[in-house]
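Before anything else, here's the structure in question.
Just so it is clear, A, B and C label the chains in written order, and each chain counts residues from 1 on its own.
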């Protein structure tokens, strides 16, 4: 019984984690139909921002929830200005350029902080269930992930900003019809996606640690999650994270973590053969 | 059975995009060597109908048969090989290739090299554009690109040719020449033409089918259809206003 | 410049480069030069494979190194188990091609978009990387070959002379073999592009809808060129395995990014450009690495800035931009001398 609960919690945590680190990427993909190749580095920057400000004496929670999203959002704004805006409408070029940004950020952080792993141990201790234990912090991260998606739903469904975003998701010219400059929608999208990635990167930093090249560890999983989900930001990410996270966790239990990710990928490739537009390209089409 | 089957038979074709019904139950029969005109206001479903015939769209329901053989669900490339040639509404050409290379791509698809070369030359002659053979397609004027696309279609000598607004963007002289050409094409193939230019249609048409809101509104000899009050209402009336 | 003149010049340049690489460089070349030369040539073959499928087939694989690494590993494992390195090399290239065909089937028959295709290929490569990286334990041994995790397989066998399994090739022979493989792969690409199949592939890149409407099953042609690209990348992987030894870095993110950079810097739509781009960028990396400036810069930083700059500012890549500039100067010079312009299509004057 205890074992079943801990397994269940572990699966939930895996899924929530996957959804969390994919969220910022999903925002940019849903609105702009491009994959931000520098996504892993945004996560990495979020981790460094939280870590450095914490080491400078700031409260850990402030570092994670305020400093990291602000810093990475700002970086996103600069990159949008310098690169993304110049490639408006050229999707593949935009992806290639963000790949360049990704490499440059890895290089820059290596120059500043050196190629070493840094970290802070997860706060809050662990929760014991019978003979088993799970980190309380990990549960908290899962909770934050759930809150983030609930907030996302509220913004999209209930606010004027959400109306514009939904219009842009359905049809790029529609935002213009609502009297909003599409370029501003794109800029806001990119900055929002970056800020969310910053928050996610900061949240997982105590669990996973940070290093200049840590972004590469996340991108395969997040790319495939967002692509498998399809264009709907929330429903797509959640459904794909649920499916792929469950497959990943199940195979990790059965065969060890090495094959867990291989199974995740195989599942995703099969999924795309069946549903080339992603889960939400076929089901829940009207969802957010 | 199949020997007596008409070249093209479409029955109750329906195409829905979500809640929108673009084509709502169209039936049409085209015989060997027939020249048919499709007219109708913008959004009447003519291009969608064409795309279902060519395999670019899979109909929501309904049947299409070519000489009695069902072609619904076949990929566009298979349908092309069965003898259906398509000229799309905006010229769909190979911008980075030369005119001759483009037409060779068309003939190479079906013929051995020797014959492919000869047929490509003939197609350029027929379109009266041999002088453009070495020109890059992307640099040509709109009307010339239309001719290049037509040359690719004609070079394959299809049994059925679908022409979606072939005269768009052409000058008066070019339009006249095109009319002659279409009439000539109809001697060896069946041709369906979508057009807006009424003078052009009067010139070439024998049988006219009128589309409106995804359905066939009227069908018959050109003069008869154009005298139809309903047709005048939805189409000519609107144009005249 | 006319097309034939340009291709003649191109062939002359290739022949000169091959002569230089195969005859001049080995004269008095030391061991480091030989080994670095083999590595460069292996990477150049990888660049060539992407130049073919992206520049001519319009298939943008972000994870081309997957086939490079896979072939390397298959070569090492098969070589250690079979003892026959020539057979192992064949199996390795065939595996890379088969894997490309399988992946291509899923992508092209699923008709996924360019964005999806790039991401899927990269993800495949990264998952392979993560998988191999975690195979350090003893349980990950295939026959006589331990996979070795992040250390790779230092005991990767080196090719032996044909029919003499005891005679391991010397570094300069591996170098000659790698450069030779590069030249052969280049010629194969040129030949394929000139066939009916190659022309169809280019036409499909230009306009897939029109190609379908003319009777070409685009999925089949894309699968064909993608599989050939996988095989060529596999040849590069085998050459790399012989130059150093196989390790997971062969399919990591950085290697995949570098291939893209080589092709973009060298120019999309040419075969020689990406090879030149590969040599240029690798030399730049080596030079930057040799600078002892106290870590003021980092190869990743330079690569990233170069990639972003090329995409944002030079759409055609360095080689085509330079060639274009050269042609314009050439045309201006000819005009000054009163000769007719060669670059103009003849048809322009005959137009009615």
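Just so we're on the same page, contacts are C-beta pairs under 8 Å (C-beta built on N, C-alpha and C of every residue); 3 or more make two chains touch, one makes a residue touch a chain.
Predicted model only: the values in this text are computed from it and were never measured.
Trainee: Examine which chains touch each other and state the graph shape they make (line, ring, star, complete, other).
Mentor: Topology of touching chains reads as a line.
Trainee: Of all the chains, which has the CA centre nearest the overall CA centre?
Mentor: Per-chain C-alpha centroids ranked by distance to the global centroid put C first.
Trainee: Could you give the separation in Å between the centres of chain B and chain C, each centre being the mean of its C-alpha atoms?
Mentor: 43
Trainee: Centroid from C-alpha atoms only, then distance chain A to chain B, rounded to Å. What do you get?
Mentor: Going by mean C-alpha positions, chain A sits 48 Å from chain B.
Trainee: Just curious, how far off is chain C from chain A if you go by their C-alpha centres, in Å?
Mentor: The separation of the two C-alpha centroids amounts to 32 Å.
Trainee: Quick one: in the complex, what on chain A touches chain C?
Mentor: Touching chain C from chain A are residues 33-35, 83, 86-87, 91-93, 95-97, 99-108, 110-111, 114, 216-217, 219-220, 223-224, 227, 257-259, 261-262, 264-265, 268-270, 272-274, 276.
Trainee: Can you name the residues of chain C that touch chain A in the complex?
Mentor: Going through chain C, the ones touching chain A are 60, 62, 103, 106-107, 109-112, 114-116, 118-120, 122-124, 126-127, 130-131, 134-135, 252-254, 257, 260-261, 264, 295-312, 315.
Trainee: Which residues of chain C touch chain B once you look at their complex with the stated criterion?
Mentor: Chain C residues touching chain B: 196, 199-200, 202-203, 206-207, 209-218, 345-348, 350-352.
Trainee: For chain B, which residues are in contact with chain C within the complex?
Mentor: Per the stated touch rule, the residues are 54, 56, 75-78, 80-81, 85-86, 88, 92-97, 101-102, 104-106, 108-110, 113, 131-136, 139, 149, 152, 156.
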